[in-house]
Structures are given as structure tokens and as C-alpha cells.
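See below for the structure under consideration.
Naming follows writing order (A, B and C), and every chain is counted from residue 1.
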Amino acid sequence: MLNASSLSARRAPVVLPRCRHWRAALLLLPFILLLALFCLAPLGWVVAHSVRGDDGAFSLGHFREILTSPFYRLAFVNSLDISLRSSALGLVIALAGAASLRRVPGRVQNAVVSFTTMTSNLAGVPLAFAFVILVGTNGVLTLLLRQGMAIDGFNLYSRSGLTLIYTYFQIPLGVLLLYPALDALDDDWRHAASLLGARHWQYGWHVALPVIAPAVCGTFILLFANAMGAYASAYALTTGNFNLVTVRIASLVSGDIFLEPDLAAALSVLLTLLLVLVCAVNQILLKRSYRAR
Amino acid sequence: MRAEWWHRLVVTVLLVLLALPVLATLAYSLAGNWGATILPDGFTLHWYRLLWADPRFLTAFGHSLAVSVATLALAALVIVPAAFVVFYRFPALDRGMNLLILLPFAVPPVVSSVGLLQLYADGALPIVGTPWILIGCYFTIALPFMYRTLADGLRGMRLHDLMDAAHLLGASTPRAFVLVVLPGLRKGLTASLFLSFSFLLGEFVFANILVGTRYETLQVYLYSVRMTSGHFTSAIVISYFFFTLVLTWFATRLGRQESQV
Amino acid sequence: MSFVTVSGLAKRFAGATVFENVGFSLEQGEFVTLLGPSGCGKSTLLRCLAGLNRPDAGSIHVAGEDITDVVAQRRGIGMVFQNYALFPTMTVEANIGFGLKMQRLPGAEVARRVAEVIGLVELDGKQTQYPHQLSGGQRQRVALARALVVEPRILLLDEPLSALDARIRKNLRDQLRDIQRRLGLTTLFVTHDQEEALILSDRIFVMDRGRIVQADAAETVYTEPATEFVARFMGSCNLLDSADSARLFGRTVSGRLAIRPEAIELLAPGAAAPGDLPATVREHQLLGNVIRYQVESLGALLLVDRLNRGRDDVLAPGSTVGLRVRGEDMREVA
């Protein structure tokens, strides 16, 4: 029956209606089930087994092994190095691109955004192959460089090569994240600043950057997390021979040499902790971001 | 004013940078013979003809399509009612949901695979090596995109006002949901479905580690033939890319129409 | 020679002409309003003057200097925007001092001038607050202070009061006029509100679809509208075609006959003289201090305004009245 109390009850906080809306809660069940089975359960297994010693008891042995092994430490160093560099480079390019994108006509903007979304699909295995064609040992650009400028080629299968690929797939993501964030910049601020004597870079530095700083940091963090967790491109390019954390984890469970799921679990926990930390910082930054009015 | 040409230049450079790998691959897939020279010797559709006649490729492509479509159907059926329920009955859960859907992002597929392999290889749910585990994992991949889009749509349509109006006019909650809410979500939902589709087609990690050649998907097939001719693999890449191009084009068109309404 | 001279100015956007061959001049220290409905091109014209838009033709001279090709940074023009455009991450002080900082003035000098102008716009005590903590009226005063502190040669205002509540708008309007008079600053003010224009301006330029159709003293624009458009735009106006005009007042006009509602005297039946027009009251509207009557006379509908002298003074519908208009209050307009 529709009366004042039933209307107000419908908008009451969660605690009371949960008993009343049990049918609605049922609809949430499949969702929770799927999430539990395919996201939470594996995560739980990983956490549980990372602290499981060889005899089955609680042990931090795996972590000790990883942190003292130069091999695994190198994996982390490589991953961090490539991720940080590619994210920074990708961010700068994406920021410049997104900033300029807002100043071209609307139709061009839409076309470029569509194009960027499409090229973001070229990630993983296809991207690795495309880069081999482009800058591999006999790649088009490699040959051009060798002939034109007598630079003796560029090793795609190295840390810098991977950084290049990673930067490439960071750029579309960066552009797609920053482009709407730049909406926060009111055009009139630019006009007011120029009438007050500010040149372009002065406006950018004094007015625009402080406003979008949280969004830029947030984007950097997302790019970094994206890079740290990336696997397919590096794997396809170097067939699992390059020492990255994700590649190491996969090789420990795929039985390439030894099958050591518990060690893989420990590595995974370290990686995930890093990423969770990074995502948490992102959330905090978002909360502090500038809200007009 | 004078800055206009600079902005156009920057955007052009960006486009060129992004297009370069695609163009190179396209050229390679159409090339007759391309040794260590800058330009190829001739152009041909030979590789494409070879590709599309290869039963193994077609099977892999079919597998990818099947798994992706099944995932998206499942996702639509599960996530849409869930999002509606959260926004309508339990609005306080929205924040929790936003954190939950971050999980697949914060936890890389490699890490999940470690647990997935051990949990579902045998025992109660022996789904490793079957398409079923892929569908489950792909669900978690599509989840953030779809939930976000649905949440934005539900938030923008003033859900409670619409439902109240529908109730006052005699509709039950389920009927109101189907007749009033769903049509409003249609465009955004379809756009996110297309986007997720193209994303799923490009998924490699789960497909390689959890299933491998037992149910070969497109990306796994691509990786396995990497040692054959570069022209052939380029043809695969371009075919796949073209397919996702069409999908994302649809997605952005629909997404834009939605925002113009 | 005028302080500001604009001649032959034209601007086109995506194939459509916003305005063409526009020219006018401003004397030093005068307050001119660019008045017109939305879309008439007044904001675009203002932005051309500021250097934010590039005109396709024409020239702009300020104090004898041709500034048509000078960038906005160096024009010495101050501008106040409709939505304030305050820099959100800076305090009131920092916002106001921004222009001085760009001129690389020493810190003490900046502080002194900022304090001075804060006193001028009566924002004392708000120095360390951020824009989102201020009310609309306060934000607009910060915007004004920021434009004034750099001592511009010209002040441009693009509908600065439109986003404000009615009461704040009135207060700010008076304050604006007061400051402008004190500083003797040449000011160009854009608005679509004719009441604002009348109150604030020395001269009014009325704009219609890209053309300045009348440029006169405020008083003149109201009492002697040049065209039907101006007559309609400035307050209410009775506009009679030639047939009605001939029938009622015995005047033939090629355009229209314009009579302001307040210029028609309403006489009660007993007070009517032979020369007055007979009329019947149809209905009335209470506009506060004025009562607006709709009367019918010899087949023509007229609006007549009378001061509100109390409830007993209101004429009921159907009453017979007499109408009297002086010859000089009837104007023929194009």
C-alpha cells in the first residue's frame, strides 16, 4: 500500500530493507558467485599458499627466497624500470596529445578519439609482431635508420625495446584517460590569463597544471599498474626469456622448468601488494581532486 | 590563433605514431616478398587467401567468437539486474561495488591464473582446459567496463523518480525495470558490449595459461604460428584488427549517440 | 580623436557571418553598453576587441595605436567574464595578483596594489579564501578586482551580472558604476538586459543580428528609438500600423507609430475632454509600482501604464475611459 511511511521506507539505508528486499538480493547472487569463483577464490588461494612452506606449515620462506635471490630481484628491477619509464613517457606524450586534441575542431576530436580507442586494441601478441616488423632486426624503420643515419640498428629484444612497446600501448590509454579529465579546464581561464599577460606556458604552469594534477597523477598510476601487470607483449616478443615478474610467475606455474606454484604465489602476492598500494594512492588522489564549486 | 597549427601538428604526430605499427603490419601482410629491403617486392592477397582457407585458423577464430559471445551474454544477464538492484535497493553498496570491480584491475591475470590453475584443475570443478573457465575469467574482465557504463547510465536517468512514476501508474517493479529502465540503458550497454567484445578477442594470458591448445583461441593460435612466415602472421593480425576496428567503431558511435541524447 | 576607434570590423564563423562592417568609437572615461538579444554578435564583438578572437576584416585603434594585430597579452585591456573565470587553485589574493605577477613586479608592490583594490571592491577579510568558498557576488568582485589591479586602458565586461541573483545583481551594478566613475575607466559592457543598460550607461549601442542599429545616449535610445526593433527591445512599446495610426490619431506613417505605455494618460469618464480617445478597459496586470492596463480603443489594443495609487484606484474591466497622448510622445519608427 502506498503511503508516506512505505515511501520513506523505500529510501531508508541498507540495514532495514535487506530483509524486505530479499528477492532483490537474490538477483545479486549469481554476480557474487561468479566474482567469488573467478576472482576472490584464486586470490585467496594465492595468498594462502604464498605463506605455505614445503611441509604445509606457515612459513615466510618463499618471500625470503625471492627477496634474497638476485634473479628474482632483477625481475622486479626490470619490471619497475620498464613500467616507470614507459608510463612516464607515455604520460607526457598522452598529455601533450590530449591537450592539443582539445584545441582542434570537434569533428576531428571525435575521429581521433575513435581512432585511439581502436589502436588500443593492438596490444599483446599482435603488437609484438607489429613491432618486429617495424623495428625488429630487419624491421622497416631499422633498415631506414641504418641506411639513412648509419645508426647500427636497435635491439628490440632488450629492455629499451620492451620499454618502447610498453610506451606504445600506454599512449592510447593515457589519452583516453586524460582527454575527459581536461574537461575540468574552463576555456575562460585561458582567456583571462592571456588578458592578464600570461603566455601559454605560464597559463599551463600556474593555472592548468594545479587543476589537473590529481588526474595526471592518477593516470600515471593507472598506467604504471597496467605496465606492471602486462604479460602478453613481453612473452610474445621474447618467448618468456626476458626476466620480468609476470613472466617469472607464469613460468613457475606453466611447468617450463620447475613447477613451483607456491613460489609463484609468493611472487604474485608481492606484485599484487605493490599494485594494490598503487591503486589505493590513486583513490586517495581522486578524492582530493579539484571539484569546481 | 597562431597556436592552431601547433595543435594540429601535435595531433597529426600522435596519429602517425599510433598508426605506424598497424600500417607496417598491413604493408607486410600484402607484400609478396620482403627481405632486408625497405620496400617490398610486390603486392598480393596470397597470404589472406591462405589464412582464410586454413581450418585451424577458422577453428581458433570460431573458438574466440564463441567464448566471447557466451561471456557477454552471461555478463549482460548477470550484471544488468545486479546493477539495477544495487542502484535501486541498496544504493549504499555502490561504493563497495566500485571497489570490487577494481579487483580484476589490481590483480593481474597472471596472478589469478596461479590460483585458478590449482583450484580448478581437478576436484569439484575441473574446468581448466575447457572453455568454461575462460568464460568465467572473461566475465571478470568485462565486468569493470560494463558495470561502469551501467552505473553511469543508471545514475544519469534519475532512477528513483522513474520507478516512482511507473509504480504510481500501476506497474510492478520487474515490469517497470523491463519497460522503463532497460530501454534507457540499451545504448550504453550495447556500446560497452562491443568494447568488451574487442577486448576479449585480444585476451591472451588466460587463454594461454589456463587452456592452451586444448581449446585454442585466436591469440594462442597466433602465438603458435609465430615461427611461420611473417607475412602470414601479419595477415592474421590485420584480419583480427579489422574485425575489432569495426566493433569499436560501432561502440564509439553508439556511445556518442548516447551522450548526445 | 576618440579614445577607441573600431572600423570596418567583420567576423565569420564556419561560413556564417556574425557581423560585418561594424564601426564605432568610445570616448575616454565613458561607459558604453553593447545591448542586444542572444546571438546578435555582441559577445563576439567584445572578444574581438579583447584579442581573443581574430576579426576577418577591419581595424581597432586604442589611443591612436593600431592594436588589430597585437596579442591579447599586450593590449592593456581588462575583462570580466560572465562566469568569473577565477583560477580555482589560487586564493583571492593570488587571483588578483596574477596579472601583476606576469608583469614581474616586486612582491611588495604586488601586495600593496592587491590590498588597495581589495578595499575598492570591499572584499576585506576574504584574501585567503578560495573561489569555491565565495558567493557569486563575491566571486564577481574578485574578477573585477583582478581586471582592475593591472590598470587597464579599457575595461570589457561580458554579461558579468547575468549569473547572479536579482538582489546581488542590483548591489553589484551600483558598485560597478561607482567604481567606474571614480576611476574614469573607459568601459564597454555587454548585456541583453535593457534595464541594466539604461541604469549603467552613458551611451547605448543597440545590436541586432550583427549590426549596430542605434548608438545614442541612454535616454535618447529609450525615448527616441530609431527602429521598431529598438522600440520593442527597450521596455514595452505600443506599435501601431498605418491603418490604426490614421484611425486613432490621424497620422499617416510609412513604418510604425511608437507610443510608450507611460506616455498615454488614462482619464476617468468624468475627467475626459472632447479631444480624448474613447476606450474600454479589457484587463490589467499588477507590476508592482505600476499597473499595466490593456485597453481597446476604436478597434486597436493599447498598453497603458499608470502608477499604482492603491487598490481603490484600479479600474475594473469594462470601464470606459479616455486616452490622451501628446504629439511629441508619438514617434514614427522604421
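We adopt the following convention: a residue touches a chain if its C-beta (ideal position, glycine included) is under 8 Å from a C-beta of that chain, and two chains touch if they have at least 3 such contacts.
Computed from a predicted model, the values in this text were never measured in an experiment.
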Worksheet item: What chain lies farthest away from chain B once each centre is taken as the mean of the Cα atoms?
Response: C
Worksheet item: By count of C-beta pairs in contact, what is the leading chain pair?
Response: A-B
Worksheet item: Which whole number of Å gives the spacing of the CA centres of chain A and chain C?
Response: 54
Practice prompt. Report the inter-chain centroid distance for chain B and chain C in whole angstrom, where each centroid is the mean of the CA atoms.
Written response: 56
Discussion item. What's the distance between the Cα centroids of chain A and chain B, rounded to whole Å?
Written reply: 16
Worksheet entry | List of chain A residues in touch with chain C within their complex | 186, 188-189, 191-199, 202, 206-207, 210-211, 290-293
Item to complete: Please name which positions on chain A make contact with chain B in the complex.
Response: 2, 11, 13-14, 17-18, 21, 24-25, 27-28, 30-31, 34-35, 37-46, 49, 93, 96-97, 100-101, 103-104, 108, 110, 112-119, 121-127, 129-134, 138-140, 143-144, 147, 168, 171-172, 175, 200, 225, 228-232, 235-236, 246, 249-250, 252-254, 261, 264-265, 268, 271-272, 275-276, 279
Discussion item. Please output the residues of chain B touching chain A within their complex, sorted ascending.
Written reply: 3-4, 6-8, 10-11, 14-15, 17-22, 24-25, 27-28, 35-38, 74, 77-79, 81-82, 84-86, 88-90, 92-93, 100, 102-119, 125, 136-137, 139-140, 143, 160, 167-168, 195, 198-199, 202-205, 208-209, 219, 222-223, 226, 230, 233-234, 236-237, 240-241, 244-245, 248-249, 251-252, 256
Response to the item:
Counting only contacts in the complex, chain C reaches chain A at residues 47, 50-52, 71-75, 77-79, 81, 83, 85, 87-90, 98-99, 102-103, 132, 143, 146-147, 150
